[in-house]
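Per-chain residue numbering starts at 1, and chain names A, B, C and D are given in the order in which the chains are listed.
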């Protein structure tokens, strides 16, 4: 089985073969012998790699796998060979013409600083969200005309919930 | 919903109704208001009963539910109204004519004290199982003729694994 | 309440780790415990450690943990004799302390009058100065003209700080390093004070550069006995939020320790104080210390003092509130070794300490010798947005400061919290930083030395391990092959037993 | 190895909680740690606390943790300089200590000669007697005729014990309470000794009735310095397995403490001992104590001594093995408060302490002030059948014995282990038993006072709660109704995220 794994700032070709509890994994040509025990389905496992034991939890949101181990979390985009080549030939998507401003963390909306139709500068604050006794300004990256305001003061918002949509200038 | 719950030394009629997170439970005529939050599917839950908070795990083996809370485990046989009345009219099963002697805990078989065809007394030791550096004699309850011996010294046995079958005297 | 008799049942008007801390003390004393919770806290672990738990209102603190009426009604309903406020929320509310008294409940803390007096910072400083506790030179002298200012500044000595008498939050503040800068600075400060606060009066006080924050734990009973339990070093702060505390302070010698302890006892007596309290001082680079304020409650960082003295501060709070005399004289207090506390916040230290909320996927707490964890989060818990981001404290003890730090490094390396970001990586950095190890720091430490950005590596797991895990998980999640191999392996290890349906 | 230089890397030839204890010490010292595991221990938690982990063989101890050759080869391969044996397995094997020496590895423990000498119980007693350490009167005197027996018995004083010189396991043993009983008993004992062991020689020793088991921790460096860290009370035993230990002993006054400490130091010197060790004594009801044996290793119960002295015994073991001098003189050792340990075994205290094995469904450890847990099991772990049933230890400290016990009650009430039976309910019983609270017990305590049967209530959860939980679980597991209500609720709360299939 061959996979292509993309991390935040690197990309790797990975070949994996299994025999019993042992996996032979080759990452960019470098071989690893891995002893893996699945603990609770394929999402939690104990790995021994280079004689070091790791307990790992793998979860998945959208196209990204979240791998947590030792208190650290890695985001990995994993593609099969087929997907990888299909994607490579399709090329990048064009940049969108609107910006969705999302909440970076869950919290309570304290105030909304813009109204629909208003034209704002890049970096202008649009919403103030309070979480754990701290107020945080959420700003527009691109600036432009405010297309829609989706929250009002007092709303409880989730992480990554869209607050305001901007038509790019 | 009406259930019949049988514990080790008591039996109760239980009526349960839900509205939201709150359940009205009547056990043998005594009412309880229960705040229940399911944590991880219906098997793990947080209950508040009489202003006391309990974290409870419910698992199931065969016809018995195991309810664990606060380090204690209860075995409960639960029947719906229909099952309860069906069972009641069917009466008890007749006692079997053979006894399966099972391992009370996992361990390693040290020795087998009987051979097939041998006639043994009630309480006669049949197998010695070692677990955690302690040897434990496993005995026949009824006595009789040894019908089959299913293990040999050195075997690793699981809890409740049948070791020897006796034809009752 | 006769001397000696303890309470039958006590309500804890708080949540999170500090509620659990107090429940534990009550349990050890054989006293019944009553917890309260808001609608957002139905699954908070503190409910599990209380003998009884009552819902007191909505998620917003004003509807629940700050709701005096509701809390007192709950205490009465549950048959409590006393209330422990923890820290934060109502702990320093003299109205709450008074309301308890009026309702015939014992407030486990100082009198409403002491809380109120220490709550007004200027009034508190005045009381201290009058009683002979050192305060920052000049701090209580308001001036309105430049001649007064010049005279006072000359007495105090430069550098000085100008502050609006009516001010706060840094507005109208000016640092003046020499006589030459005074005229201009005084004019500006005065006009800012006028325009912001409608009062041009200015306080002039000695500027303490790069101060340390040192505080002293005191215990006072209702019979006039006051002792101190030594100092805590709390200089590692950001935005006035403490992150690391230790006892003893590496900056204090035994002579200064004696003096600052005596000053704290004097301060407590001046405040007519009873129960546990903390006297905060700032200390300059030469070791001079000055009264800053008094915290009329249990501190977050009380465990470091408990570790070195062997005295349970919470149990003593409860005994004192029940009318008992202090069990120790000052001479009987001894200190052993060194203790340090790291506060674990749900904040991202690589991203300017922004709140990092969400569901905690997995927690593994440190354990083992001389490690204490005060914690209330668990695997699967969703940290609510409404309250303080403190999710845990790790406290270690060692025969000396070096051992306590080595043990803290070990404890932090065992600590796993997955799903949200926490201050653990920050603490790991501090525990290896040469300035910290040398004891060479002050309240500007984090601004001067800590660079937390996302390029910094948080831990040490090689990314290859994550790639391997992702690929194995992908392979094992494949749908069943013809030979059935993958599927059966999955089943082998999946031991989770689901409850069968009983319904008909 | 020059004095002062520590090791770069150390292998721990053990498993479970004690392996983790040593890994923690190594981590705090900045020394690399190497763990080993058998095929049955692939999922044992001790692997997670080691820097490296090596498979050394099959599940049976003889194939792995007792496999000297394999362990030494692993240590060499991994580049270790020393081996810590923990307790049990090879810890008291002089062959192993010798094999380490021969392989150029430091054995963290005493010399092979000391281990060997102390391993022969009669030889050990002889060495002690010759050095002036008190031994049980008569214990080394073999007799073959009734005249000798009469004379010796008269010297020692009744009651006495007759034992086969070559014996063991209680065979050939007779208690004799007076001169009148001697003839008959001597004849029987002699003939039993002859028939069981082929040797009619009989030892006569003073019978110590209802003795206490008291032991003293000692530390000895390679430079001739020996100190003791006070005593441990270990009388709560069954089948020679200790269940509860504490320090100090409630039966020892300061004068006896001084004497027994001095005797232990004398014993260590007589054994030419180095590293940490324990001298075991039995003590009669009058406070007379007699050397029993010397344990030439770290004890399970070392944490109670660590808690009261503030001295890390494992770190000291490693420093001593590296050639360092003791950091303390006897005068510098001080004791504070009281510590108590409860051993948590996978045994059913309501069913004659039979092993209770299987999968641990859920674990919640106690935490908070002055509670230490040494543990290696976790939720989902299957306790292997091959090894010792000790799964955890809980240690609490208090300013006095009463506080330590109150804290232990609190800690045990927090401790949740579901899926198997453990000794937790036994300990909860002891911590409320008036004899134990009064310090009034000896090695016969469990037989005399403890009635553990299945009718006894383990905990205090009302069965109604279990019935309620079962019914709610049943209702919530119902297949989807037409209105979709049940099903959607289930989905709401089930947040477990499964990895999607990546395969094509």
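Here, a residue touches a chain if its C-beta (ideal position, glycine included) is under 8 Å from a C-beta of that chain, and two chains touch if they have at least 3 such contacts.
Note that the structure is a prediction, hence the values are computed from the model and not measured.
Placing every chain at the mean of its C-alpha atoms, the farthest one from subunit D is found to be A. Contact count check for B-D and A-D (C-beta pairs in contact): higher for B-D.
Taking each chain's centre as the mean of its C-alpha atoms, subunit C lies 39 Å from subunit D.
Each chain gets a centre from the mean of its Cα atoms; for subunit B and subunit D, those two points are 33 Å apart.
Centres computed as Cα averages put subunit A at a distance of 49 Å from subunit D. Contact of a single residue of subunit A with at least two other chains is seen at positions 1, 3, 37, 39-43, 58-59, 65, 78.
Looking at subunit C, one finds that residues 380, 473-475, 477, 495, 498-500, 502-503 touch two or more other chains. Every pair of chains meeting the touch criterion is listed here: A-C, A-D, B-C, B-D, C-D. Those residues of subunit D lying in contact with subunit B across their complex are 346, 354-358, 361-362, 385-389, 415-419, 424, 458-461, 463-477, 489-490, 493-496. Taken together, the subunit B residues at the contact with subunit D in this complex read 1, 3, 5, 7, 10, 12, 14, 16, 18, 23, 25, 27, 32, 34, 36-43, 45, 47, 49, 54, 56-59, 65, 67-74, 76, 78, 104-108, 130-134, 136, 156, 159.
Residues of subunit D touching subunit A in their complex: 42-43, 47-48, 50-54, 78, 380, 497-500, 502-504.
Contact residues on subunit D toward subunit C in their complex (touch as defined above): 20-21, 24, 27-30, 49, 303, 306, 310-312, 334, 336-337, 359, 365, 367-375, 380, 397, 399, 403, 406-407, 409-410, 413-414, 473-475, 477-479, 495, 498-503.
For subunit B in complex with subunit C, the residues that touch the partner chain are 1, 3, 35, 37, 39-43, 46, 48, 51-53, 55, 58-61, 65, 78-80, 82-83.
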